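What follows are several structures.
Each of the next two complexes has subunit A plus one other chain: subunit B in the first, subunit C in the second.
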Partner chain A sequence: MMHEIFSFVRGPMVWIAFTVFTVGSLYRFISMWRLAKKKDSVVFNYFSFFYALRSIGHWIFPFAGVNMRKHPAMTVVAFLFHICLFVVPIFLSAHVIMFKESWNISWRWLPDPAADIMVMIVIVCCLFFWGRRIFLKEVRYLTSVSDYLILAAVAAPFISGLWAYHQWTAFSAVMIVHIISGEILLMIIPFTKLSHMLFFPFTRGYMGSEFGAVRHAKDW
Partner chain B sequence: MKQNNIFTYTVIFSIFLLIGTIAAFSQEDIENVHDSAFKKLTRPAVAFFHDIHNDKAAIEECNVCHHMFEGKKRVEDDDSIGMECSECHYKEPVSSIPDLIRAYHLQCSGCHLKQKAGPVLCGECHRRE
Partner chain C sequence: MTKQSPANIATIPDEGIDKGGQRLTTDQITRVISRHLEEEGGARLKIYMETCVHCGLCSDACHFYLSNDHDPKFSPAGKVKQALAPIIRKKGRVSVDFIKKASEIAFTECNLCRRCVMYCPFGINIAYLMLFIRRICHKLGVVPQYIQDTAHSHSATMNQMWVKEDEWIDTLHWQEDEARDEIENLRIPLEKEGADIFYSVIGPEPKFRAQLIYQAAVIMNAAGMDWTMPATSGWDNSDMCMYTGDEEMVARLKKVHFEAAMRLKTKRIVMGECGHAFRSVHDVGNRYLGWKMSPLSVIHAIEFYYELFRDRKLRVRQKYSIPVTLHDPCNVVRGGGLHELARYVIHETCSRFVEMHPNREHNYCCGAGGGVINCGPPYTKKRESSSKVKADQLADAMARGAKVIIAPCHNCHSGLEDTVKHYGLDMEIKFLGDIIYECIYK
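Up next, the complex of A and B:
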């Protein structure tokens, strides 16, 4: 039974997850493009690569904007979180070795103790985001149930991954939960607020163009 | 008195003989699949009880696992008993020869997946005690 489940979640299910992610992302890009054309076509006339990149450049650099300097804790947590969130899954030894097994390709991986710490950082950051939604009234005002669910979906593969790595208890079951929760996370990216992963260059670029080319002002 | 001495010597000798025999036998039992090419271990070493495994898996021929290749062709009536995996499988893959980590993983979990028996998840073999 375990073999069937494992074969499925590490085989066809991976393809399904990546297909949903890719096709879903393309669908979101296309439908968003069409919506912009219909509702706000002036964006296309005023879009400026220079001002878009200038704005993106300021916002992807820690403390390069006024708002980031006003909220230092949030800034540190947000940057640490996003860096670890992407680096660990891609450069984890166990993940790279699965690519090696399947496709005979591999790349350098992180030392396990480093990955271990980075995963704990991700989890602590999730707790921070969670607390922020509960305790800051301006954030609580904008929070709905789905925000908590999305946060849980992001944290789940990391918590189960940490658990499986340390083999605390019920290893096999937790390992399967880890794989499935990772696949679910990948699949919901295009269809939830997590789509900021896809859209942030465009939303930021839009603001940058508007502020730079039209209003001649900074937007950071 | 004299007879007592002989008895003591016999007991001591027997104990040494017993310890020696146990030591000799336990050396025969293979209990892991360590390769000297693995210097610094990333994950816990894998326990492997050779005889118990082969009994359970009903493996009769040695070269089911101890395979020998000539180029890309498997030599059916030859084996690689007594060789370390790293004598052919290096740190990096060489043409069609899988690298050492891949060779181990395909050899063990690859077969387990095919047979639908035996450990297949990372931590089922690389166990933390």
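Up next, the complex of A and C:
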């Protein structure tokens, strides 16, 4: 039984997850593009690549903006979190080896102890975000159940991955949890608030264009 | 017992909201909003609402939040949560009371200053979302009475203050007469075809602050400018309809303004020291008319004064010696990037300048802009208590010697006057034009 579930989540489910993620993201991009063409032509008319990149550049560089300097802990955590969140799944040796075995392609991977630390960083960052939602009244006020669920969805593959890697108790079952939660995370990206991953360059870029080209002002 | 913050004390009822609400039913509200969402709720609305991760980082941008004891209800995202999120979630099926509350939030608890846009990592335009609510309220007829009155004036008279055409012309003649006591042969040229400059002002100038037109005439005269003002509609560049959500009127107003300048075959429009009018002419109204940028060159008074000093058209007789500080108005600084030019003019005309902090794009709003002061007496107390952080900022500049606040914007001017009075600050508020008028060789 366990074996069957494992081969399903390790096999067809992976394809499903990646397909939902890619097709879902494409669908979101295309439908949003068409909606914008229809009702927000202003976005296309005023979009300026130079000012979009100027704004994005300032916001993906730690402490480049005033608000980032106002919240140093949040800035450090947010950057560490996002970097580790992307780097670990892509460059984890176990993940690369699976690609090697399946398709005979591979790339450089992280040393396991480094990945181990980065996973723990992601988990600690999630705890930090959780704490913000509980203890900071301006964040608590905005927080709804879905915000906790999304946070849990992000943390789950990392916690279970760490667990399985260290072969703590019932690790083979946890391994299945790890795979499923990773797949769920991938699939919900286009359809939840995690879609900021897709749309960040556009929202930031559009605002950067308006502030830069029309209003001749900074937006950071 | 819950602590009642001063911002929640409503003493004067608002008939615009109360009576407007009485006329509505839930069905009507649902019908209007769902049509509005269908027609105007596009990708920006969708993405802004869907990608906001509720991080709360916009809070520190907002003077309402900072001034009201960090009450999260006043944070930018907090206002969206209260006034817009339920509308989207319930697809417009909201109650009359909800709409009344949403109207109060969108009209009187946000100055549309766009400071939070600079604090949101994603660049979510919360001012756009607040305007989206205001437009819904406009369509539902639930708009604060005082600002709605200015919008009515706009649509009936094409100016903000119910000024009739003969009153406008008469005011200019009166100011010309007055100015001739000081400067012989000074003219306020009306209807001069082919002049270099079309000078436009906001409705309140002829109504309450006619001396500003006098001063402008003196400055134009001293600099030897070839300028004119129209005798017809189009002299008023202000635009409260932009803030009530009446976009159709915005387009009509700007059309009349641009067409007056073009009818007179002037080369460019120079605007008086007003912020929201600049936003309307430079950034908003042109869009509703289908112009990417304004159809003829438009510059704000700050830039005009800057040119006059840069080109040595004006000469300073004696620099203004009382220490000054500068309030950067949101619509010309965050909305026009004129902060360094304003400083240039100040350095040319004043001997001591004290920066307030934060400044430039990060300056705190005066608390009056975005049509908030135009919502009138029912909200004055809330506006004053919500300017506490502004008062602290001014007090700090005062402690470092500043005695005069230069505010090159009418709304800021009025807002700062209330703040200074309410918090007992010993400071005077002036326009750049006031300072220039005092200092130059006439």
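Everything that follows uses one rule, which is that the second predicted complex is superposed on the first by the 220 of 220 C-alpha atoms of A that agree within 3 Å, B and C clash if a C-alpha of one lies under 4 Å from a C-alpha of the other, contacts with A are read in each partner's own complex, and residues count from 1 in each chain.
What we mean here is this: a residue touches a chain if its C-beta (ideal position, glycine included) is under 8 Å from a C-beta of that chain, and two chains touch if they have at least 3 such contacts.
In this text, all values refer to a predicted model and were calculated from it rather than measured experimentally.
Novice: Clash or fit: how do subunit B and subunit C relate after the overlay on subunit A?
Specialist: Here subunit B and subunit C can both sit on subunit A without a clash.
Novice: Touch check for A:D112: first (subunit B), second (subunit C), both, or neither?
Specialist: first
Novice: Of the partners subunit B and subunit C, which touch A:T19 in the superposed model: first, second, both, neither?
Specialist: neither
Novice: Spot which of subunit B and subunit C makes contact with more residues of subunit A, would you?
Specialist: Partner with more touched residues of subunit A: C.
Novice: Give one of first, second, both or neither to describe whether A:K193 is in contact with subunit B, with subunit C, with both, or with none.
Specialist: second
Novice: Quick check on the superposed pair: does A:S172 touch subunit B, subunit C, both, or neither? Answer first, second, both or neither.
Specialist: The answer is first: A:S172 touches subunit B but not subunit C.
Novice: Would you sort A:R132 into first (subunit B), second (subunit C), both or neither based on which partner it touches?
Specialist: second
Novice: Would you please give the vertex angle at the Cα centre of subunit A, with arms pointing to the Cα centres of subunit B and subunit C, as a multiple of 10°?
Specialist: In the superposed model, the angle at subunit A is 170 degrees.
Novice: Quick check on the superposed pair: does A:K70 touch subunit B, subunit C, both, or neither? Answer first, second, both or neither.
Specialist: A:K70 contacts subunit C only, not subunit B.
Novice: Which value in Å is the smallest Cα separation between subunit B and subunit C when the structures are fitted on chain A?
Specialist: The answer for the closest subunit B-subunit C C-alpha pair is 36 Å.
Novice: In the complex, go through subunit B and note every residue touching subunit A.
Specialist: 42-43, 93, 98-99, 101-102, 105-106, 110, 112-113, 116-117, 120-124, 127-128
Novice: Can you name the residues of subunit A that touch subunit C in the complex?
Specialist: The contact residues of subunit A facing subunit C are 32-33, 35-36, 38-40, 42-43, 45-46, 55, 59, 65-67, 70-71, 74, 78, 132-133, 136-144, 147, 193, 195-196, 199-200, 202-208, 211, 214-220.
Novice: Can you list the subunit A residues touching subunit B in their complex?
Specialist: So the residues of subunit A touching subunit B come out as 2-4, 6-7, 93-94, 97, 100-101, 104, 112, 164-167, 171-172, 175.
Novice: Quick one: in the complex, what on subunit C touches subunit A?
Specialist: Subunit C residues touching subunit A: 39-44, 46-48, 50-57, 59-61, 65, 70, 72-73, 75, 77-78, 81, 117-119, 121-125, 282-283, 287, 292-293, 333-338, 358, 361-362.
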